[in-house]
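There are two complexes below, and they share chain A, which is joined by chain B in the first and by chain C in the second.
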Partner chain A sequence: MGFVRKVWAIVAKDVAAELHTREMISAMLVFSVLALFIFSFALDLRGAMARAAAPGVLWATVAFAGTLGLSRSLAREQQTGCIDGLLLAPLDRSAIFFGKAIGNLIFMAVVEIVLLPLFSALFDTPLLQSGVLIVVALGTVGYAAVGTLLAAIAVNTRAREVMLPVLLLPLAIPALIAAVQATGGLVDGATWAEVGGWVRLLVVYDMVIVAVSMLTFGYVVEE
Partner chain B sequence: MRKPGQDRLGIVLVGLSGVAVCVALGMVFFYAPREAAMGEVQRIFYFHVASAWVGFFAFFITFLAGIGYLARGERRWDILALSSVEIGLTFITMTVITGALWAKPAWGTYWTWEPRLTISAVQLLIYVAYGMLRAAIDSPERKARFAAVYGIVAFVTVPLSWFAIRWWRTIHPDILTSGGGMATTPKMTQTLMVSLAAFTLLYVTLLRQRIRLERAADALARLRLRADRIGK
Partner chain C sequence: MIKVNALVKSFGPRTALASVNLHVEAGEFVTLVGPNGAGKTTLLRILATLTRPTEGSMRIAGLDPIKAGEEARRTIGFLSHRTLLYDDLTAEQNLRFYAWMYDLDDGSSRITDLLEQVGLAARRHDLVRTFSRGMQQRLAVARAVLHRPQVLFLDEPYTGLDPNAAQVLTSLLTELAGAGCTILLTTHNLERGLEVGRRIIVLAQGRIVYDVPRAEVDSATFPKMYQQLTA
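Entry: the complex of A and B
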């Protein structure tokens, strides 16, 4: 079996499990909508103020909702003992990493697909444009990659779910700044070239983070 | 194992770094000229920059020690990583505090999102998380392995954070900090160099002591284990 097919098998397993229980995506979605409301109440978001705050609120919501899904995804492997099966299977550790990371990426993407139109409507902001969608995709790739690695660490600690945001959020700061700035620029009518610096930073972050996470993931799951 | 009293190199290092820090202090207050725009308060700059340098250098050593541990799996690499993080945290905390103390008289507020100060604060958060991670794992082997991975991933985000934070501040120009440039004289540069050297020496001294402490703790744990076995 080729590398891609092995990765795909793990992704398919996660998607099938999620279709069966729907616990991750539903928790992330409900949490996201709640966060959206809490931010609106807390910051009293209306009119121009809502439009100015939309990119920041969007990314904060995605980041927090992401930690929910990520820790659940790896905790499920642990509880069902599935991770032991994966480690015994004739698989490269990096195949397990890519399988889990792509699965998490898909779940976050599903949540984002629902969130973006909701944000556009509630904050009266043009988020549904191709540029923003590319930025959202780039921001989510790096976040899902480093999140998968750190969730695998967090589920093996005493603090479990509490540990993941503490570990993940400070490392996600560059991606969050770049994603908020690029999204904000595009919403304000900036051209693709004007936000190019931020997009390049996101691409570099994704490449560095995916490479380092892939290389170190084996050390995290080995027993 | 040698007794602490026989640690000649350790005593020499403590003496040397003590003298070096005193010389640096003397130069900061009596040799470096009074900065024209900011006055006496600018003198905090020498120790502020020196502690930032030691903080980042310490985290770099932890990054290297993490690679060493993953490659070799030897306890000494983990001891190096752990010791360096603790000292780095102390110095980066000093950086953030001295930065805030300097910002108040210079710019009228304790906190400005000045890029270098901001990235120091981000490092502080990252390595506090590193400490929490270590504290939340029981198995020493797993603790070392996870900490090594986190130390590596954390450090590769430093340059990315730096660019992100710097561009972020350039896009929203901060009037408060834009006038913060200093006219430096040779005497100021010399004072800064001596401060950097003194703090680096202090780092080496502290690192060596911290490593010895951890080894002593390991030795004590082994002795306890043996005593327990004999007791039974």
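Entry: the complex of A and C
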């Protein structure tokens, strides 16, 4: 119970800090919407072409917007040494990981809530369906989890803004490929069984990443 | 209260601490002085469980921080020149967050008492980033003692404080020491170190080279001796 309470406290603290500044969410939202419009105009998407490109464009936008938020989330802990405050507290290091990862997941979800209807309208693609929403949720969980772990590594390097995408994108490739394929299949009218392989890959990826992050986060944040 | 045996910390080929032995009794107020790079911060960070030692053992309040980290951390308070406060939260939100982290049952009343004690009760709903450096450090003191630690580690806590804010901090520390809290404070300011500590330790090149009760230290000759010890 204490573990859950502390994870929740970290999430609530991140949400409260973001509500005071709104700098992370606004940056992620502005980036996402701009990326969406740029892709929309640059590719001159119509009909079948739009449907073919939509999953890739969607996940590229989510991935880059997510990277912005992940970087800021851990930088906030580092700014006035707050990460030391967390490490000094009597809690398992994995609680810090879960708290930060869930916070990042919430911020990414807020961006996706705005992004998906806009995306559906601009690309004339039926993204607001339960299957796609489940795939988006699974993909976002994996991306937020691996991103939180790697942001904790990158934040201690000199070129942290550059380092995070360099570390994150290669490790997120399995999740992004699975998410793009599953989203594409569902948009094209495939059944749940037909995209089952990609969805299972996403589930396994999420489980492995969460387990590895939980076990290694303590070593990453300690000196 | 604090027992350190043959503590070594190396960063690659560089040895920051070379076999440090230290025993501090409960309720002692110890000042650790030394030049920049002497290993003061490294020693405090190891004692506060923020950094792992390369070799050696230690006990804080009878607990091994490496084996029983969570229990040991309940007994430790840590204050440095960095406030460990969230700029984008209010003073009260910061303390409430840490009260949750330490499972305080009387969090609300404790926060109110501490904010009054450090003179920030009227600013409890203001964001920390709107505070002056002195106000932030006072709030950081409240954060450090929120969970009533048995041991308080202070790493250069006077950095950036004006004389008035420094005086407030000294009063708070004296009060805590009077209440039985064991305090280990590092500073490179000799005058300040002699003013507050009841035992003076000099650390140079990762070794303790001087360790005597404050009463035995002659304030007039100490600076010259310190120069020789740390040369």
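Keep in mind that, in the parts below, the second predicted complex is superposed on the first by the 222 of 223 C-alpha atoms of A that agree within 3 Å, B and C clash if a C-alpha of one lies under 4 Å from a C-alpha of the other, contacts with A are read in each partner's own complex, and residues count from 1 in each chain.
Convention: a contact is a pair of C-beta atoms (placed from the backbone, for glycine too) under 8 Å apart; a residue touches a chain by one contact, two chains touch by 3 or more.
A quick note: this is a predicted structure, and the numbers were derived from the prediction, not measured.
Colleague: State whether chain B and chain C clash or fit side by side on chain A once the two structures are superposed.
Modeller: fit
Colleague: Looking at A:A48, would you say it contacts chain B, chain C, both, or neither? Reply first, second, both or neither.
Modeller: It touches nothing on chain B or chain C.
Colleague: What is the angle, as a multiple of 10 degrees, that the CA centres of chain B and chain C span when seen from the CA centre of chain A?
Modeller: 90
Colleague: Classify the contacts of A:A193 with the two partner chains as first (chain B alone), second (chain C alone), both, or neither.
Modeller: neither
Colleague: Which of the two partners, first being chain B and second being chain C, lies in contact with A:L167: first, second, both, or neither?
Modeller: first
Colleague: Between chain B and chain C, whom does A:A17 touch in the aligned arrangement: first, second, both, or neither?
Modeller: Second partner only, chain C.
Colleague: Give one of first, second, both or neither to describe whether A:I177 is in contact with chain B, with chain C, with both, or with none.
Modeller: A:I177 contacts chain B only, not chain C.
Colleague: With the two structures placed on a shared chain A, what shortest C-alpha distance in Å links chain B and chain C?
Modeller: Minimum over all C-alpha pairs: 6 Å.
Colleague: Touching chain B in one complex and chain C in the other: list those residues of chain A.
Modeller: None.
Colleague: Can you check the complex and tell me which residues of chain A touch chain B?
Modeller: The touching residues are 146, 149-150, 153, 156-159, 163, 166-167, 170-171, 173-175, 177-178, 181, 197-198, 201, 204-205, 208-209, 212-213, 216, 219-220.
Colleague: Please name which positions on chain C make contact with chain A in the complex.
Modeller: Listed in rising order, the residues are 45, 48-52, 69-71, 73-74, 76, 78, 80, 82-89, 93, 97-98, 100-103, 127, 143.
Colleague: Which part of chain A faces chain C closely enough to touch in the complex?
Modeller: 2, 5-6, 9, 12-13, 16-18, 20-21, 76, 79-82, 84-92, 222-223
Colleague: Flag every residue of chain B that touches chain A in the complex, lowest number first.
Modeller: Those residues of chain B that touch chain A are 70, 122, 125-126, 129, 132-133, 136-138, 142, 145-146, 148-150, 152-154, 156-157, 160-161, 163-165, 167-168, 171.
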